[in-house]
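Okay, so chain A shows up in both of these, paired with chain B first and chain C after.
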Partner chain A sequence: MNKARSNPLNTAAMHGALILYTLIALFPVFVIIINSFKTRRAIFREPLALPDAESFSLIGYQTVMKQGDFFLYFQNSLIVTVVSLAFVLLFGAMAAYALSEYKFKGNTLMGLYLALGIMIPIRIGTVAILEMMVATGLVNTLWALIFVYTAQGLPLAVFILSEFMRQVSDDLKNAGRVDGLSEYTIFFRLVLPLVRPAMATVAVFNMIPIWNDLWFPLILAPAEETKTLTLGSQVFIGQFVTDWNAVLSALSMAILPVLVLYVIFSRQLIRGITSGAVK
Partner chain B sequence: MQTRRIRWHIAVFLAPAVLVYTAVMIFPLFNTLRLALFTEVDQNRIYVGLQNFRTLFFDPIWSEQFWNALGNNFWFFLVHMLVQNPIGVALAAILSHPRLRFAALYRSAIFIPTILSFVIVGFAWKLILSPLWGIAPSMLDAVGLKSLFAPWLGKEEYALTTLALVSVWQFVGIPMMLIYAALLSIPEEILEAGEIDGITGASAFWKIKLPLILPSIGIISILTFVGNFNAFDLIYVSQGALAGPDFSTDILGTFMYRTFFGFQLQLGDPHMGSAIAGAMFAIILVGVCIYLFGIQTRMRRYQM
Partner chain C sequence: MTALTLTNVNKSFGTVEVLKDINIEVDEGEFVVFVGPSGCGKSTLLRVIAGLEDVTSGEVRIGGELMNLTPPSKRGIAMVFQSYALYPHLNVRKNMSLALKQEGQSKQVIQERVAKASKMLNLEPYIDRFPSELSGGQRQRVAIGRAIVREPKLFLFDEPLSNLDAALRMNTRLEIANLHQQLDASMIYVTHDQTEAMTLADKIVVLRDGRVEQVGSPMDLYNNPANQFVAGFLGAPSMNFFPASMIGEGANITTGIRPEDLFLSDDGPVTANVTHVEHLGGDTNVIAMMQDHQITARLFGQHQVDAGQAIRFGYSPSRLYRFDPQGTRLE
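Then we have the complex of A and B:
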């Protein structure tokens, strides 16, 4: 029966298409990284060549290390992203469960109210958010960013998670109720593990915009000690725009931590997705 | 069980999300929309009603920029719908093939651009497309197409499309991942039942899988719409707040930013900025209403 699905020609075509797209996806990253290890002259003469003994140089990295505080920026980005994500996933899953599981007065209205935030870019409220953060003294703290990103992530999290939670079988939850489990236990023990793939999806969806956001760090936390990696590298590259070694090195250093994070986190993501597939 | 009690657990489940969301998102949003009805004279806020919107739509100086940004924004969105989402679905369809080797490797690699920040993507492509560095022309030269090269980011007629394609390159991983997850959740029995009826390969995709993943495609479309009409960073990073050349890459996000915070000699005007934000809000509202009431409610759902 499976023979029909594994025609060797088809397989070759599929690998061909995937390899081609993978090359397109990785090429710019590859070019940036190899050139960051070369002398200025080699960058321009042989942009596609790997660095060799003659063209190898760390001059760009030396400039970056001297001029920017990338470790602090990285730490700020990490704190903001992790804390916001934790809030988004926990609060979002709880609200999604309430909306998808229970019939109560105003359920649809509440769902619409929360979904409103998917279509409204939170940036539209920037003036008022800034005013509020100034009034509460949260400007130039990481908490300002955490609050904004939590609010920004929640609507989408609720939306996606409740789509998935509607697909969780009612029999399972009712079996739990017959066994005398509380609603909280049913949620945390029975439903949450089943929507893990959806949680992973939500995590990807939120993690990227939070980590990469330039706007709110610039407006709410531009101080040196609260700069995120994205803002830090933007400012740095803006200052060193004609120093190609420094720019390429700064780009590489901004890529590196994300890649490392991604390697750690993509395993969980893939496990989450595939564990959802065997139900 | 007969008596109807107040179900406190519902409130407990809802409270944290609703509180944070209301305080940090909804309240500032409406506060900003309210600011659009004011203007500042001698450091005093004065209520002017819809005057700011009248200026935005009908004053030649403002309206020309506004319609330009709006048109560019629609083109930006169209490129994403026509290029990004079909590629994403196709990649997911190939990746979800049950016997494909290295699927995890491909999937991880293709998703890498999506995790990079706009700062990295914008500068990296700016360098690669730069005639100064010469990577793009020399690569085209290698396949004999050097004559096709142009400084795309510097030409009015190409710059916006180029940036849209860079954005597609960056974000194709998102539809791919969402569709991939949806495809994997299709039970094997359904596909096997189809095979018994002789539906395999491509026709299995069109006749069985595609209808089952339509809700995911709907979600992706509306996310693309909202994301594009909210876009700002990529254009800001690669073309600056002026969205050059000659405003040809200006979209609503950059237009709002320029108005709101000012640029070069023009002072920032939070009230006109709020008016643009209000217009963006209205456009996005229309799009989402079309999705919610026109598309989503008509889609069939299958409990799998």
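Then we have the complex of A and C:
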């Protein structure tokens, strides 16, 4: 154990900083959730007060439920996020394996090309993407969103995963080859399980931006039947009147699935981020 | 019948030539060790034989058949890796049977061979454990077992003992030697450790910078090294080299003498100052400076020699090796 870590003063300072950060990070979430359970008047009179017997109200949730399509939005968001994530992980891992394992002409160039996507935001190409989607008739389908999010997630996924795949022992892959396993079996059965922490990291980094995105749903899939949750919540925000109860309730519910997915990935995520850092 | 024939094998990575014009023959049932310092290309050579790397030019024949383009699993070889390379998600039994399953062997054959191999290697108590629950030595035995069950024409070992501690290394070395006797199979073994090479090999191939320096039986190489590199590489402590002029043997020549061929002698021709003494019990290693050349003498038994004292060594002239400036041995 090193000296700096065992010093109680340092430990206290460290935990103090972390607790402070946790409070700051959780504060907005906390405010959203408490206010979603209050009457409209109470939200404006004392935004930071906890709901009490007088101010408690489920009117927001009732409005959201009455809106009827809320579950459809929810379902759309979930489909888009899960399918996009699956594609990002599958194709990202495959590309990363090819880049890290095989020597071919243009390997480095291909890696750089894929990494470019990290530096150039995909939204710059919105107009072109929209034209493409119109041409292929994908406008107002969930596929439009899935394709765009897959493209958006791939660069970082390839970058992170290829770094991790280089660390998988060559001997193991070669042992598989000598034993007659196909390259696909080696990839799916030997390599993927060993880079699981990195996969979780990539999944979490991609999940939240996809779930929260408003831009592409608004442009590519604004139809009623393809609205995502974030876009659907916008109906409560009007130019002149905003139904804050409903907005806050919708947001509170939108937080839940992300929270669940995060809990699933978090153990692997922590291992992924700290592997190499702690030795 | 030859188990393996390499003819004019060359291998380059880009512009870097790693293997240069290698010609080697391995007879059926022979134990051949490739030895050389790190970076000499010995592991690459093994991977070329296994089919994990393609040759740039030349021929690889296993059991007489041309194998240049044959994938590793179809070459009739089995390989044991330095890092064991066990499949982490499979238990010992499945690790050993995977390759047989891929070959399409019947369940009965698989079971028989796994049982036989695990008995031979004393792996029976661990047969249902996972690699992470085994010690280093046990893992290496599983890796060897995985090779045995395939009953290959040729075994390839890539520094299999490097990750084991010293005591275990010696035991495993003996086990491999026993295994070679029991299986009567052709084996190729790569190591940088000259002790392993000397103790295991029927035939040693010494490599340096991608070239074969010399091929021969261990004692052949020890007694008749073709050049200064082979002379210095085999034997521990390694051979002493110094200019011949220091002992009046002519100019421009390097002389070499093995540490065990030096003996204490009050009127010996070699005078030196002792810098360090290693008492090993059975032997005493005396490290001394002969002017500015360090020499090592291996004296049998225990001797009272102190650091700092002047010492004289004798040797028998027939034990002296001479090398020209290029390092080639002179008769």
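Rule of thumb we're sticking to: the second predicted complex is superposed on the first by the 221 of 279 C-alpha atoms of A that agree within 3 Å, B and C clash if a C-alpha of one lies under 4 Å from a C-alpha of the other, contacts with A are read in each partner's own complex, and residues count from 1 in each chain.
Operating definition for what follows: a residue touches a chain if its C-beta (ideal position, glycine included) is under 8 Å from a C-beta of that chain, and two chains touch if they have at least 3 such contacts.
Everything quoted here is computed from the prediction, not taken from an experiment.
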Which of chain B and chain C A:266 touches, first, second, both or neither: first
Across chain A, the partner (chain B or chain C) reaching more residues is B
After superposition on the shared chain, which partner residues are touched by A:102: those of chain B (first), chain C (second), both, or neither? first
Would you check which partner chain A:175 touches, where first means chain B only, second means chain C only, and both and neither mean what they say? second
In the superposed arrangement, which partner chain does A:161 touch: chain B (first), chain C (second), both, or neither? neither
What is the contact status of A:189 with respect to chain B (first) and chain C (second): first, second, both, or neither? second
Going through chain A, the residues touched by chain B and also by chain C turn out to be 169
The residues of chain A that touch chain C in their complex are 169, 171-172, 174-181, 189-190, 193-194
Chain A residues touching chain B in their complex are 1-2, 4-7, 10-11, 14-15, 17-19, 21-22, 24-26, 28-29, 31-32, 43-44, 47-48, 87, 90-92, 94-95, 97-99, 102, 104, 110, 113-129, 131-132, 147-148, 150-152, 154-156, 158-160, 163, 166-167, 169, 182-184, 187, 197-198, 201, 204-205, 208, 211-215, 229-230, 233-234, 237, 244, 247-248, 251, 254-255, 258-259, 261-262, 266, 270, 273-274, 276-277, 279
Chain A contact footprint on chain C (complex, rising order): 47, 50, 52, 71-74, 77-79, 81-89, 98-99, 102-103, 146, 158
Touch list for chain B against partner chain A, complex: 7, 9-10, 12-14, 16-18, 20-21, 23-29, 31-32, 35, 87, 90-91, 94-95, 97-100, 102, 104, 106-121, 123-125, 127-128, 133-135, 138-139, 169, 172, 174, 177-178, 180-181, 184-185, 192, 195, 200-201, 215, 219, 222-223, 226, 229-230, 232-233, 236-237, 253, 256, 260, 270, 273-274, 277-278, 280-281, 284-285, 287-288, 292, 301, 303-304
